[in-house]
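Per-chain residue numbering starts at 1, and chain names A, B, C and D are given in the order in which the chains are listed.
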Amino acid sequence: MLAFECDYNNGAHPALLQKLAETNDTPEPGYGEDRYSLSAAEKIRACCGAPDADVYFLAGGTQTNVVVLSAILAPFEGAVCAETGHIHVHEAGAPEYAGIKTLTLPSHAGKIDAKELEAFAERFYADEAHEHMVFPGAVYLSHPTEYGTLYTKAELTAIASVCRKYRMRLFLDGARLGYGLMSRNTDVSLCDIAALCDVFYIGGTKVGALCGEAVVFLNGTMPKHFANHVKKCGAMLAKGRLIGAQFDALFTGDLYFALGRQGIESAERLKAVLKEKGYRFFLETDTNQQFVILENRQMEALARSVRFSKWEPFDASHTVVRFATSWSTTDADIEALRAVL
Amino acid sequence: MLAFECDYNNGAHPALLQKLAETNDTPEPGYGEDRYSLSAAEKIRACCGAPDADVYFLAGGTQTNVVVLSAILAPFEGAVCAETGHIHVHEAGAPEYAGIKTLTLPSHAGKIDAKELEAFAERFYADEAHEHMVFPGAVYLSHPTEYGTLYTKAELTAIASVCRKYRMRLFLDGARLGYGLMSRNTDVSLCDIAALCDVFYIGGTKVGALCGEAVVFLNGTMPKHFANHVKKCGAMLAKGRLIGAQFDALFTGDLYFALGRQGIESAERLKAVLKEKGYRFFLETDTNQQFVILENRQMEALARSVRFSKWEPFDASHTVVRFATSWSTTDADIEALRAVL
Amino acid sequence: MLAFECDYNNGAHPALLQKLAETNDTPEPGYGEDRYSLSAAEKIRACCGAPDADVYFLAGGTQTNVVVLSAILAPFEGAVCAETGHIHVHEAGAPEYAGIKTLTLPSHAGKIDAKELEAFAERFYADEAHEHMVFPGAVYLSHPTEYGTLYTKAELTAIASVCRKYRMRLFLDGARLGYGLMSRNTDVSLCDIAALCDVFYIGGTKVGALCGEAVVFLNGTMPKHFANHVKKCGAMLAKGRLIGAQFDALFTGDLYFALGRQGIESAERLKAVLKEKGYRFFLETDTNQQFVILENRQMEALARSVRFSKWEPFDASHTVVRFATSWSTTDADIEALRAVL
Amino acid sequence: MLAFECDYNNGAHPALLQKLAETNDTPEPGYGEDRYSLSAAEKIRACCGAPDADVYFLAGGTQTNVVVLSAILAPFEGAVCAETGHIHVHEAGAPEYAGIKTLTLPSHAGKIDAKELEAFAERFYADEAHEHMVFPGAVYLSHPTEYGTLYTKAELTAIASVCRKYRMRLFLDGARLGYGLMSRNTDVSLCDIAALCDVFYIGGTKVGALCGEAVVFLNGTMPKHFANHVKKCGAMLAKGRLIGAQFDALFTGDLYFALGRQGIESAERLKAVLKEKGYRFFLETDTNQQFVILENRQMEALARSVRFSKWEPFDASHTVVRFATSWSTTDADIEALRAVL
């Protein structure tokens, strides 16, 4: 069975397993105070051009979104996001369970628009009832988005500018950041993100790690006693070294970027195969997720030999499905898919 | 620097790393539906003599305590525990963050007493104001306790009997269960625990794993849509295989028990050394944690070559400190400690 | 200054004050167990044709919405509502603070559509990721809506039918129910509502009382230990008699309905005056709220002698404003408004 | 049936009903912005000698405790209180539902001890694990306590001093404050409380009002957008005038104090009668609550003609019961009780 259903169906890159094995027998303090976490944080700060950033490692995406939002929002604030945003749709109400309301903007293939954001904020403060409403305290972006799309540097800059104007923190969910940074059609670098956001994270789970997201707090946004907050959220690992060592490996040399590139190159081969076979694209993206429209019986037939994600109904007889590549997709995988298609 | 400060300062047992490496390249479904998680669950059910149990893997102890308690408690209920219970003292308010009140009983070297529990429940229901109070909905035990002590089978049975009488679920925190089961002075087996508790967990983090706790729900206590609840709590790993594969290795052969035994044997050697050197015990236990009383200057001197935990003040000039062994403690570690002491 | 900004700017109907005075000196049990609350509940059950209903009195609308939703929803469920619903927009995140996500449908002048509701539920259960999403557990309607509009009996019946099909509880916010029931253009009676909903409330605050909403639970939807839940939500009044006595007066004779009628008749006079003066309606409704479009300078001028609510911008130079009548609006008030307009 | 079971079994003092009637027909803004609330706040500030205080009216005690604590505590903080404190025992878990842990100290007839508080704080910060614990962020006192006892000025001053030393806010629950201030054996004035506390409230519900507590924030402790927080907690009344007008009446002349005195004088007569009849005191207090020990059959017999509260078991055959007087207790009530006893 070929596996293109997601970008987290394999284990870890061998270099990460190797690092875990090498560091296994050294006793280290728990709770993220180990030397590997400290070293990884230092490498990430350097890579981001942000020597004063606070870097903190958490285990997964939903957890990170909730821990970060509940840390940076005041009690009267919520998080603005696209109506397709992961925190709004696919987190089983985790933000709300932490008391956080999501305030939605239209989705443009997964992205929000700076002008619509500004209009939203302007309307909010103009509303005479706004003291009875949830204040827009942060803006949540995913980059790449849930639809595999990317913000341009100009778009991010415009959004950041609206955020500053209305005192909203800019939070970027980079669960798939490696694929975004290594896309052939992006002008956004890791340093740009660090310069524009108040907090963001570098996804490990989907880019070569067994688990782990590296949260980068800029501008002093990490609150006092943040570790206590992490513990309170049930998000603290006793052996923080598990994530620290993996990120230390990911940010040794350019491994993280190489893994992103591998996912992108596989996606390009995938797109070529899909086109060659005459598939109809719903959304052809510059990252590792590709969306095609399948006739429903064709879809069921294909599902017998390939795993993919049913995304949403297209019409009564067609469905949008997603094929995802990742750092672990090989040329052989693509060739096998060609054979099946 | 010798490391006796806790039982989670090393990585994982090599067999677990080996299992992660071996299974690394097989694509598997996410969110705990992978074949390793399923296999590990099956082995655990067999080991517990509980073919109908639901087994679910979570990453760490605080997370597990909160996810389980919030899953099994009704809105009007809280959790009864010893005043020294981990959920009451050392979880940064994680239970309360999930809306759960802890209702405390006196601690007898970390344990609660069945008679005191019964008196508490009886008094609660006799109180004419009890509809304005938090109902005792579950009893939380740790076994071994935070003080390294163990319940006897008779004690557990008596507590379980009170729980049934007052419709309280019995939840046992087994973060260090391996050391409890392999103690030389216990008559409590894993099957006993499965027979007496409504839900408990088998700790991996402190017994050979990088992370992971295996929750065992008995008597149908796992609620409908539990995976949704886990996600909502930010506790779901995309790559559930990380924990599943480790537990699959731990429950292949008798590895989990062998690791427990190693921690216990090391603790016995440690006790012998401490006695030989004339140390004064605050609490000499049958598991992997030992508590001794050090004069404060002596403590500071020792801290230069050995890591241990400062537990609590004993008097103005003395402190109770904890030495912990684990599955990874070697004879050489103990010999090195003897040399230092 | 003429006051048309809302329907809760005056005190209480004199009969309620009279009742409070008459009953003032009788000692009564607290927490809603007083004889007036019991009597009022009995009268409400009779009026609803629902002899088995549970009736509970709470102080205000937001409180009632949150207490009820948190009582009837399972942990994996949220509340479906119009994107203009009070719980979604104007409650400062109170539902989310209690862990409840609002799931929005398009607003048709404040109302949701049964077909769109059905499509939403169908799509939800067809989504292969729905276990990672918030389940639609209840449907929240306001009747009259925030825009003064009313559901027809056929519309309510269709919505109730979808609710039953998808196991969603139907919850109707009747903060302004008196005005809805006494509209000249409604075919929905109190008994219809009791027959179609799982839980609803009869608003007192906006229909003649100083405070108070009467929650009517049908079909056994009031959970066990509900009073404990109310207390936990900080919503229990020690002197429940304050609300009970007021509702006892409101449901003695047809006072509640007479007050509704007074608000409706005033609204009709108001509409006539607005039309006579050539005002442009944004939304002319059958209840006590009327929405007109004012040019912005005209609006500022008018605001010097009349209080009304700025609802939302209409275009760059015009604003939608709301005029509300109530049980306390007199003919003299309308005449004074005519003079000003 | 004579009613001595609590101090909230009657309606309101006639002057308050009179005030509600007089102000009934004036249209006023909602949500506590009405002129009566503003006037009452001004009078309270004057009475407290605290011209810069922020005064906010809420409906009841549990609500006030939760709204205030959740407003003043940082996410990493909890509230220290006596183990008999209302927030710890009798609020159905309302603080925990808002995420707040109660940290208990021994109760000395309902009071905490400054030295024990200091030892607790000192121990907390000395604990090397304290980052994994709930920080003591506020101290909760009730005055009078749940046992009718009172702090002396020296005791309050000592507690306030410990609070300043360890950066804890001092919060005083004055649900029965009127009875405390008018006790014959107190040296604590309202101005003292305002000078020593960071926030406290003046109870209306138990001292002559239908409902209402006046929260007084000192030292800038009322957070930004507090009204939004109140709304979010479901605690905002649309007709804030209901509470504002009552407090305006209570603080016109010395009514609030006169009502307190009436409760105290009744309590003195009650004590005299109980002694005259040979009753055995469990706790004879200087305020309006008196605790006596009754043999159980005697208790059941007495319960047929007098309502009182069963407080707690004394021994197998005796029970501690509470008799409470209030502002509404008359000499005739006491004489009737004498006849029954």
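Note that in this section a contact is a pair of C-beta atoms (placed from the backbone, for glycine too) under 8 Å apart; a residue touches a chain by one contact, two chains touch by 3 or more.
Quick caveat, the model's predicted, so the values are computed rather than measured.
*Asks:* Looking at the contacts, which chains touch subunit C and subunit D alike?
*Replies:* A, B
*Asks:* Measuring centre to centre with C-alpha atoms, which chain is farthest from subunit A?
*Replies:* Relative to subunit A, the chain whose C-alpha centre sits farthest away is D.
*Asks:* From the C-alpha centre of subunit A to that of subunit C, how far is it in Å?
*Replies:* 41
*Asks:* Would you kindly tell me how far, in whole Å, the mean C-alpha position of subunit C lies from that of subunit B?
*Replies:* 50
*Asks:* For subunit A versus subunit B, what separation do you get between their C-alpha means, in angstrom?
*Replies:* Measuring from centre to centre gives 33 Å for this pair.
*Asks:* What positions in subunit C touch 2 or more of the other chains?
*Replies:* Where subunit C meets two or more other chains at a single residue, that happens at 76, 91-93, 97, 99, 131-132, 228-229, 231-232.
*Asks:* In the complex, go through subunit B and note every residue touching subunit A.
*Replies:* 1, 3, 5-6, 8-12, 14, 17, 20-21, 23-30, 59-63, 65-67, 91-94, 97, 205-206, 210-211, 228-229, 231-239, 241-242, 307, 328
*Asks:* Okay, in this complex, where on subunit D does subunit B touch?
*Replies:* Of all residues in subunit D, those touching subunit B are 76, 78, 89-93, 95-97, 99-101, 123, 126-129, 131-134, 309-310, 312-313.
*Asks:* Within their complex, state which residues of subunit C touch subunit B.
*Replies:* These residues of subunit C touch subunit B: 70-71, 74-76, 99, 131-132, 135, 223-225, 227-229, 231-232.
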